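In what comes next, subunit A is part of two complexes: it sits with subunit B in the first one and with subunit C in the second one.
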Partner chain A sequence: MFATSLTVNDLLFLLEGAWVTLQLTAWSILLGTLAGLLFGLLRALLPRATLPLAWVLDVFRSVPLLIQFVLFNSLKSIAGLNISAFTVGCIVLGIYAAAYFTEIVRGGVLAVPLSTRRASRSLGLSYLQDLRFIVLPIATRVAFPGWLNLVLGVMKDTALVMWIGIVELLRASQTIVTRIQEPLLVLCIAGLIYYVMSLVVARLGARLETRWQEND
Partner chain B sequence: MFDYSFQWRPALRALPDMLAGAWVTFETAALSMIFGVLIALVLTVMRQARNPLLRGVGNGWVSIARNTPSLFQIYILYFGLGSLGLHVSSWLALLAGITFNNAGYLAENFRGGLKAVPGTQMRAARSLGMSASQAYRMIIVPQLLRIVFYPLTNQMVWAVLMTSLGVVVGLNNDLTGVTQEYNVKTFRTFEYFALAAALYYLIAKLIVGLARLLSWRLFRY
Partner chain C sequence: MIEIENVHKSFGDLEVVKGVSLTVDKGEVVSIIGGSGSGKSTLLMCINGLEPIQQGSIRVDGVEVHDRATDLNHLRQKIGIVFQQWNAFPHLTVLENVMLAPRKVLGKSKQDAEALAVRQLEHVGLGDKLKAFPSKLSGGQQQRMAIARALAMSPDYMLFDEATSALDPQLVGEVLDTMRMLAEDGMTMVLVTHEIRFARDVSDRVAFFCNGRVHEIGPPEQVIGNPVQPETAAFLRSVK
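Up next is the complex of A and B:
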């Protein structure tokens, strides 16, 4: 029906690239979630004192990710650090994710009604107990869809690390296209892999959400 | 620790070229937003149509635009159309890719915004004798635009940031393309790209500021 030079080895190469994508996503989401949680809590609980932090994080949201990668890579060379390009990618994506996650966490914590927090304090819970048992569970449920969107967004932005030399899914598909000169077919397969990864993450998230809302 | 001497003078001397590139960036993002809004309105209507083919195309477009990277969409338009014999320029592929992406995200925003407009508005408009198109044009869409205005601003900032991907398909007259040309000629990566980052930050702040002025003027009561 239609002849193609794509072999099973090429498909395996694409899947290896997809594995690099998933690893990059996992590490940067880990970094971004932890940092974003800390910054978001600070931003929500001490709004005026952390205003400079908001300005700094705003810079990371207003500069294109490609330029952030190039800048950090060249800064790494200038400073003489000996870290791999993969680490550079993880750090940049992690800071990018933290910048967005700060706003999400801040929105989640501010969504807890003030009367609820005052009620818990008047029942004798300390400030930290109130945070841990009342605010964080409610804030987590409010912030979860935003976090899931961020995970999917970071997974799609890992495509840009090809500019600093990491071979992930899109770069792997480019390598195959250079050899067999069938861009549409290979890019469609790569797009399908992205779509399936996206769908799996979104479905898992939806199941977690319904499990949390069982008692609502 | 740094045995590298920063040389900012060449970077600052390249500022006029980079400002010209910034103007091309802004034009591209604005064009893609205008086309994206028009296509997103059509997609929103298509997704609520009764015809399953229209619904499928609308849902498919939004699904693909939101679940695949924007760089991938630009690649498919640049290399894919080229393999079919239709040789488009880098700028056109970038514009088409960003518009495709914008239309998908904006269609989702419009869908959410439509849900936020009370259903009673449509019923009241129809019961006052307006046709469906009159009701949409005079009652629903103004309320919708008010609700989706901030998401629209966000999407415009994203469109400006996405134009930086043009350099990957060979565009050399937007801000990142000009910066990359200077970088390749002089290898002063950090200086040129730091200046480009500052320019992008200023453009993003400018857009948010203009949007705030516009919203103060438009949504005045």
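Up next is the complex of A and C:
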């Protein structure tokens, strides 16, 4: 009754695509987190001086990711940069994630009440000690759910890199669909793989949050 | 000794402290009373440099608080302050709240800071809450923790900014008792308070603030018991 042309090799091909998706996600989140952390702190602590930074990041938040991929890929060719499509994917996704994470970090830092910071300064803590021991730990708890959302979002946005010729999970599934003409089955499997990857990340995050909530 | 001389403080165009002069001697307890918006809390924030001033001078043990060359982080070690909103650090346990500054500011070892913090917390009656997080404490307990946190720096001066105003009535007593204990130990204290009876009991002098100025100052028997100024009398009637 149930017959399919899907082979074990096809499944392995999908998993290889999933591995590329994971790598893209990991690198771009790493880049986005580091840059976003720096930019977000600057935006929260020096709002006036860093206004131009906000304008630039707004561009990356506003222009569809697909356009950013294609434009950056073309720019790469025009400028004669010798970098792989995978690197382009990581950079574009990383900047995109950074633009979002900047706002998440800024929100977290601004959520720390001024009175709490005054209390720590009144004890003799320096500006940097106040940041390190009071502001950052509290802001982290506020910003974490937003960061987790971003990770899951970026994981799915990686699907767009197929437009610059990278074979990741979605592209791999389309290749198989073209050959065996069973889109429902293949897309279900691809969707399931995305779901499992997201679930693992979400569960890890939830565990961390519970641990914090026991305290606060 | 805290010497406040002709201090003016504005927020934008709004001048809230309009030429206040006040001296607090070692070992003295001075209460500041007055209506809201009279500049009493603001003055307290100026004493340890949390707020800048526009004119005048504040000296603590001869050091100009608002001089650019003054190391405020160093000066603040000897001026403890307790806020109306107790301002616990929510991500740290009660013990860690109190240990933080002795460790990071005074550079004490973990063992020393812990011993010190435990002693201070037992002193304010929180010896059984060391591992609890502030959110599990009542307002009164959090405020006593804030007092222990300030005392752990062994300050020479303690400032209280309406320390009981945000508390439920039945919790006010425990915090006042802690403050009374400090006063009896000879701590130099400046209290901004609405607890008139308490101010009368513990203070050496009471200052009545009105419109950003010291309107009347003297021993509590005079300012609270038998005020000279009609505004002081009117204020005391209104809070009774």
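Quick note on the criterion: the second predicted complex is superposed on the first by the 216 of 216 C-alpha atoms of A that agree within 3 Å, B and C clash if a C-alpha of one lies under 4 Å from a C-alpha of the other, contacts with A are read in each partner's own complex, and residues count from 1 in each chain.
Note that in this section a contact is a pair of C-beta atoms (placed from the backbone, for glycine too) under 8 Å apart; a residue touches a chain by one contact, two chains touch by 3 or more.
Note that the coordinates shown come from a computational prediction; the quantities given were computed from them, not determined experimentally.
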Partner chain in contact with A:Q129 - subunit B first, subunit C second, else both or neither: second
Partner contacting more residues of subunit A (subunit B vs subunit C): B
First (subunit B), second (subunit C), both or neither: which does A:Q23 touch? neither
For A:T175, is the partner it touches subunit B (first), subunit C (second), both, or none of the two (neither)? neither
Subunit C residues touching subunit A - in the complex, by the definition given at the top: 45, 48, 50, 73-74, 76-77, 79-81, 83, 85, 87, 89-91, 93, 100-101, 104-105, 133, 135, 146, 149-150, 153
Complex contacts: residues of subunit A adjacent to subunit C: 113, 115-116, 118-126, 129, 133-134, 137-138, 141, 212, 215-216
Which bits of subunit A are touching subunit B when the two form their complex? 59, 62-68, 70-71, 73-75, 78-80, 152, 156-160, 162-163, 170, 174, 177, 181-184, 187-188, 190-191, 194-195, 198-199
The subunit B residues in contact with subunit A across the complex are 1-4, 63-64, 67-72, 75-76, 79-80, 82-84, 157, 161-162, 164-165, 167-168, 176, 179, 189-190, 193-194, 196-197, 200-201, 204-205
